[in-house]
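You will see two complexes here that share subunit A, one where it goes with subunit B and one where it goes with subunit C.
Let's look at the complex of A and B:
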């Protein structure tokens, strides 16, 4: 039998995790590692590897073909453009301390789409094929220009049979026209809720009246709309994290059961926020503690909440096609199925690329609505958009589940060929997948119950996380 | 079964390393076929790459022996180790990998890491054609 290459990682409990390129994994021991590396596998090892689909006899035999299928299903294929992030205005009515997108003052001029830009955006959308489109309105505060949002909404409803709209709003000021826009069944709300009231006020609203207005509008939206229409995420400052129990209570109170714990972003002006030393290590510890807290809380209350990105990584380990989140997509080709159009009509491959360009370090724009997407520039970015043969990733047990983040690397190191293991992206992903596998191999009822809930299963069975002595 | 062994290395050894002369046999009095010598300043390597030299660190020398069947991958492993541990100075010797490091340095862990890098290079080299055939079969039109 030929054994597909196994990558390995020593776990905190002293065991060794093995994975193959198609995402098959199991836990074993150092002695198995020695036997495997020295070509001295026992018959028992051979049986285990064969039954776990880690080997084959001949190219194109059934086990080989099966492995090739599983490998192929783990690769992200370029698909048609169906997700467009629009920034109709950079103006905003809040001044959050760590604003990531370089907002402009509410009364400033020159930061909204011109009539010409709007026409260019609609023309671009008109050239897209397929029945479905998802439009995400970003800002600034997009509801400052409901008229532009309505124009896009009307156009998309005429052009696509299944349009969907997400408004990323601070829910600070909502007039009748804004409520009417949000009322539509095809329209969803994404907002920021930084935990408990005190944290939200400290980080975002800076005053009790403004805070009151936000919570008033959030409560009105929650009572007005069905569960699932509103999503929220907190931005967490590692130097001053919120009380996580209070955060979860608050989210649950508003019917939001999925919390995407997000660190302060480095791409934009938020990089100036002082968070102290060893930010990555502190973030990873904080996140790990949050997952433990969630598992214990879920078990105690019987009401299951999740951390969004952790659930995505968990699904990525166990399923095909669980790569909607771009950080775990591989290859992660740019301007393939999604793109960003800024307030001036310029295209960007990601929102982070827009932020990074905004601070003047580099121009990552890839064309504009007048001239179209600059495919030559996209190809340059795409040259680093996969991890298969990265000299570090190729040996990493988490490679089949992980992705790349070229923009983050450029943002932090000014280059895309930094030693992978030294990057923020790798450090965060390693910690996340360490946690995923720690939870997968936990034997307690609390962990099993949360695993089942996060994966949408009736129950979790220990055999689903294989072990070889 | 391939647990790496550690041998003390004298100051003479360090001089040899610095001078890039590697008389490994005479120092160890055993017939090394291959060794990798690593000179390390003791440092804390934090996630994200921050490196801080340990205060009051004293240099300590370690040799990691490479089993014969892995020796042909030691050069590649050395290259990789130089990337992973930029504070190290490396040189090949005979039948093992030699590490010169400092107090506070997790020698056992480092020896294990060195051997794992050798394992990885062997696995990579021996399965590369398998991977190439897989990618070619799946992506060819």
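Let's look at the complex of A and C:
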């Protein structure tokens, strides 16, 4: 049998995790590593590797073909543009301390789509193939311009048979027209809820009346709409994180069971926020503690909540088709299935690229609605947007599960060829996958119950994560 | 039980295919417009039967209400005075039995093989072209790929002529090889699912169940070919005593080595044919020993591979797994028992095979409130 190359990483309990390029993995020992390295595998090793499909006898035999299939399926190959993030206005009625995107004051002028820009956006959307399309309205606060949202919605409903709209709103001010817009069954709400009331007020609303307005609107929305219509995410300041128990209680109270814990982003004006030293290590610890807390809480209450990105990474490890989240896509080619259109009609490959350009560091725009997507510039970005040949990634046991983030690298280091292991992206992903494998190999009822729930299974048992002595 | 063969009278020498049309309440003009050369339209219903007339002549149907056979496609055998309902318009479970020959002798075979073979492909092709819009037609046997040249031609021609149709072919995967590459790749793979049984990861157990040495090895070769062709495979495992304990091992093998399948179906046994003969030694009571089934299905699903329970009465399945047990027993084979009276799940339950024995073998069974 020819054994496919194995990569390995020591786990926190001293055992060694092995993985192959197609995403096959198992937990074993240093002595197995020695046998593997010295080419002195035992017949028992051979049987184990064969059962896990880590080797083959000849080209095109079943194990070879299956391995090739799994490898191929793990590669991201989106082919159709079907997700467009729109910023109809940069104006906002809040001044959050960590504003990720930069904003303009509510009464400022020159920060909304012009009539030409709207026409250009609709013309771009008109050139896309259906039948489905997802439109995400970002801002600023998009509900300040319900008229523009309605124009896009009307157009998409005429053009596509299965349109879906997400309004990323702070839920501060909702008039009748805004409620009517949100009422539609094809329209969803995404909002920010920074945990408990005190944290939310400190980071976002800055005054009890404004905070009251937000919670009043959130409660009204929750009672008005079915579960699943509203999602929310908390932005976390590592220097002063919210009480996680209170955060989970609050989310559950509003019927939101999936929490996407996000650190304050390095892009946009949030770069100026001082979070102290060792932000990465402190964030990773915080996130890891949050997962432990979730598992214990789920076990205690029997009502299962999840951390969104952790669940994505977990599925990415186990399955070959789970790369919806861009941070775990490989390759992560830009402007292939989604793109951002800013308030001035410019295209950006991601929302982060838009923020970074906004502060004048670098122009990452890739054309505008008048001239179309600048494919040459996209190709330049794409030339670094995969981890297959990165000199650090090729040795990493998590490479088959991970992705790349060219924009974050540019933002933090001004270049895309920084030593991978020194980057924020790598540091965060390593910690996340360490956590995923720690939980996969935990042997307690609480962890098993959460794993099953997060994966949509009835039960999880120890044999589902392979181990070899 | 729904009859698959009905009595007819027809004045002809050779068998022929005909589609029955009732056109009740429709005007004569519309009717002539819709008639196909293979259609026969209902003329008169009387105590002696229902009379149909078409381009091919007259035919009388006996013993069944014309409304139940409207749109059905029949293969009429005038000498015997019978007709096989090749396609029942109202059913999702139409299957062409292309041969009764087989090179395996599975312990639980519901349709034991016979030596005699009659080539009916020309009739099947005519019938398939008359199928209702969007139908999925099953191909079964015996072993259909014993006649693979005719089979591939049949599938290719029908799928080309009818872009709305799909096929589900049951095969033991013993007769496909590289030489079939061109024929198979020219067939629209998006509308063709291959149902292929695998009973165990252990070649000895599998070969013993199918009664053929080397069958497991040949099967794996065929599956590799299927993967390279991008063919859609529904892997089928009948659950029995000889392979129940090995089910989790088979699940691990599927997750690691057969990830390209479209579906894994774990199936309960059917008490007919050899299955009836060997029932006592083979039937595995999954209502008592569901653990191996549950663990196996969870493992495969954890890898993002679809897995389902076929032919399991819902009351024999633990509640959290019931959503994975669709009503798969074909309408014409399906029956409910006294125990089913008043069951709240009856409407979405596939029930039992008509011929399931009175002492059913399930330790846990009964109406769910």
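Basically, the second predicted complex is superposed on the first by the 469 of 469 C-alpha atoms of A that agree within 3 Å, B and C clash if a C-alpha of one lies under 4 Å from a C-alpha of the other, contacts with A are read in each partner's own complex, and residues count from 1 in each chain.
One rule holds in what follows: a residue touches a chain if its C-beta (ideal position, glycine included) is under 8 Å from a C-beta of that chain, and two chains touch if they have at least 3 such contacts.
Please read all numbers here as calculations on a predicted model, not as lab measurements.
Under the clash rule set out above, the superposition-derived model of subunit A with subunit B and subunit C shows the two partners fitting side by side. A simple residue count on subunit A separates subunit B from subunit C, and the partner touching more is B. In the superposition on chain A, A:35 makes contact with subunit B only, while subunit C stays out of contact range. Judged by the touch definition given at the top, the superposed model places A:154 against neither subunit B nor subunit C.
In the superposed pair of complexes, A:395 makes contact with subunit B only, with no contact to subunit C.
Once the two complexes are overlaid on the shared chain, A:71 sits against subunit B while remaining clear of subunit C.
Minimum Cα-Cα distance between subunit B and subunit C in the superposed model: 10 Å. When the two complexes are laid over each other on chain A, subunit A has residues 60 in contact with both subunit B and subunit C. Interface residues of subunit A facing subunit B in the complex, by the touch rule stated above, are 2, 4-8, 10, 21, 31, 33-35, 37-39, 59-60, 67-68, 71-72, 75, 277-281, 284, 388, 391, 394-395, 419, 421-424, 427, 430-431. Of all the residues in subunit A, the ones that touch subunit C in their complex are 24, 51-53, 60-66, 69-70, 73, 315, 318-322, 452, 455-461, 463-464, 466.
Against subunit A, the residues of subunit B that register as touching in their complex are 1-2, 46-50, 67, 69-70, 80, 83-84, 112, 116, 119-120, 122-124, 127, 130-131, 133-135, 137-138.
Those residues of subunit C lying in contact with subunit A across their complex are 220-221, 223-224, 227-228, 248, 252-253, 256-260, 294-295, 297-299, 301-304, 318, 320-321.
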